[in-house]
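My structure is below; once you've seen it, I'll send some questions.
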Amino acid sequence: MNVAPPPLLAVEDLRVSFATPTGPFHAVRGVSFTLGRERLGIVGESGSGKSLTGRAIMRLLPASAQLSARRLSFDGIDLLSASTKTLRGLRGARISLVMQDPKYSLNPVMTVGEQIAEAARIHGGVSKIEARLRALAMLEAVRIRDPERVFRLFPHEVSGGMGQRIMIAMMLVPEPDVLIADEPTSALDVTVQLQVLAILDDLVRQRGMGLLFISHDLELVASFCDRVLVMYAGRVMEELSARDLASARHPYTRGLLNSLPRLGDERAELPTLSRDPAWLEER
Amino acid sequence: MISVRDLAITFGSGPGAVHAVRGVSFDVADGESFGLVGESGSGKSTVLRALAGLNRLWTGSATLGETSARVQQPRLVQMVFQDPYASLHPRHTVDRALSEPLEIHRIGDANERVERALADVGLGPAFRFRYPNQLSGGQRQRVAIARALMLEPRVLLLDEPTSALDVSVQAEILNLLRRLRVERRLTMILVSHNLAVVAHMCDRLAVMNRGLVVEEMDVATLRRAEPREAYTRQLLTASKGYDREVASGIVTFD
Amino acid sequence: MSTWQDRLLTDTPRSRREARLGALYRSWLQFRSNRLALLGLAIVLLLIVVAAFAPWIATHHPNEQNLAQRLLAPGGAHWLGTDEFGRDVFSRIVYGARITLYIVALVAIIAAPIGLIVGTAAGYLGGWVDAVLMRITDVFLAFPSLILALAFVAALGPGIENAVIAIALTAWPPYARIARAETLTIRNADYIAAARLQGASTGRILSRHIMPLCLSSLTVRVTLDMAGIILTAAGLGFLGLGAQPPLAEWGAMVSSGRRYILDQWWVATIPGIAIFAVSLAFNLLGDGLRDVLDPRQKK
């Protein structure tokens, strides 16, 4: 008998809402999934609640957000009832989040190298010099040319793609068990993107890391992930194996796929999504 | 319309200097749409910022119309930035963002112009007095495009205008840009990592690597996947999606 | 929900004014949820009302001496007792509110703009402008503010105007620091580049794009500093270098009452309580404002 290993991350009926002056706004409405030592993709249009789902797992929601879930556990630890101290021990060290907006998340008046080294120092408990070496090694691992130079740059001096890789380097330094990557490669050119994904891929295969990969690049997710969740308006519209994404049936997923420009065709006008109110209803 | 010859841009000096752009040349004809693709950090944004007059520390020559790009020409050239979350002032309403260029250049009938600009980018009057935090990423990018068009420039520089947007909004923005280009006979330079986007939007493109233009081609060649250089071939293979084999086979070109 | 609230909270304001009011109203809703900040605001508003209507609120003339009624305990015709010259303490506190408010407002009006201009110019222009302006700032910062204020007052001569100038001169450097730090984080933002692209002059970028963004953290800081300013002013008054007798200044009142502290406690204690309450109020208000205007700075 083959018993499936317990998932690293189990999410059941996750809900996030905001109290707005005009009444509550439900941004995430009953999302459920499990994450094992695999690559799970989340796709969906802007505002569908992808980032909030990721942040909810980290318990890093804005103060105005209300979180509820039937279950939210990481490696047997209940994240809902965990103390702030437990959470702080987990965050960064065992679960990491690569935020969507690299330049926004980096400290603009501190060099990027110092910021990575600081991450290494806090979580690895290593000396200053060692932290610096770890940071340089990490910059090299994410294919940054001339890491010594980039180490000394301030966030506004690095290109868009370098900023994203710096964020990834910072989050990988503590060697987490679960990495939540929120559009980690949207500003990377295709070759570097592939190389960075290969790093993540190896971590999943060799170290058994769980990867939650949030993206709106459907083709990339289809080729990179094992499974995919398609989100719309805070709900999971469908869950499918990544291989089958291109042949998805749901009209929403189809609409997203159709709106992609492709090298092969020469459509003058790209079709945009027409949304069906029925998708909003909770099943 | 745009002519760039041996453009070189260095940041810093001495041993720590970065040669971000090392002698780039290309021409863009009036009304043409030109793509710039290439590795991250290869200097694409730096070239655009120099053309926009935001960075004047360069050597070589770069002219827009008859004038050097060192002179800022707000009514000739405007730029749309990559990150719609960082390109609008957080405390200015859409109305303020769009009226600002009119105020600076003392252009009259601001009211009608702002209304028309919003309509042009497919935003209704309902959006006029919102703050950026009341807009989605795609809506912000539309405002940024509207702002760039307020002074009716003839050249529009676009630095990855859709890479932060989801695919359906990307389609809307690309459709919008194609329409505006025809209507206003705009000359455009579009930087993008997405070869399909470049193919969709441009007539010709240049491939950059490490501060140099590796090759220039027309879009038909790109579509047929018949580039001359190995670097470009690698770019094309990589754009087909993730493949562990391809990823380990990637070589660095210097 | 009534219609005016709907109008304010709408996502589709119909004019610039409505948009601004809407944003203000949202901030107010957020501010309102902080009880302590509301208390602070209430005390500050009370201070303003008392200062504005002092002649109607006071029961006596603040400087009217009546040696027959020296050092009367609180109660009767003198709610808070009388001081060593038989002056009504309550009325002096009421009139003292004017002086306190005057000092606080003047210092804010002088120090905040100087700090804002120096800091944003240094941060945005960089280079030698930055170096020169920041060295000057450092020199001012190197001295404790009360000592520096003392030195200025000693040079300018005692008196309330000179005290205000002295305090303002010592108060601006931290604001310059804050404004500069803030400016450094925004000067490379794309929206500043966009403004330059549209042909905006440096002055315009500074005043219309950068300063509004520094304003919120500065407002918070100034409000929090009000407490310190009041204490410095009171300290100068206490040392006899601020407001001169017979002006009813709270610090000076504490100072002159301290001789009777053991037997006639109210003469010194009541102005002390007033100083304490108003300083605390400004602090609470500043904390509340910080949560609304400058959420990143949250502790």
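A, B and C label the chains in the order they appear, each numbered from 1.
In the analysis below, a residue touches a chain if its C-beta (ideal position, glycine included) is under 8 Å from a C-beta of that chain, and two chains touch if they have at least 3 such contacts.
Quantities reported herein were computed from a predicted structural model and do not represent experimental measurements.
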item: Chain contact topology (line, ring, star, complete or other); value: complete
item: Interface with more contacting C-beta pairs, comparing A-C to A-B; value: A-B
item: Centre-of-Cα separation between subunit C and subunit B, whole angstrom; value: 47
item: Geometric centre distance via CA averages, subunit C-subunit A, whole Å; value: 45
item: Centre-to-centre distance between subunit B and subunit A (centres being mean Cα positions), rounded to whole Å; value: 27
item: Interface hub residues of subunit B, defined as touching at least two other chains; value: 82-83, 86
item: Interfacial residue positions of subunit C with respect to subunit B in the complex; value: 11-16, 18-19, 23, 189-191, 193-200, 204, 208-209, 212-213
item: Subunit C residues touching subunit A - in the complex, by the definition given at the top; value: 1, 5, 9, 26, 29, 181, 184-185, 188
item: Touch list for subunit A against partner subunit C, complex; value: 21-22, 108-109, 156
item: For the subunit A and subunit B complex, residues of the former touching the latter; value: 44-47, 101, 103-104, 145, 149, 152, 157-162, 165, 186-195, 197-198, 201, 216-220, 222-224, 255-256, 259-264, 266-273
item: Of subunit B, residues touching subunit A in the complex; value: 11, 16, 18, 37-42, 45, 82-83, 85-86, 136-138, 160, 163-172, 174-175, 178, 193-197, 199-200, 222-223, 225, 234-235, 238-244, 246-248, 250, 252
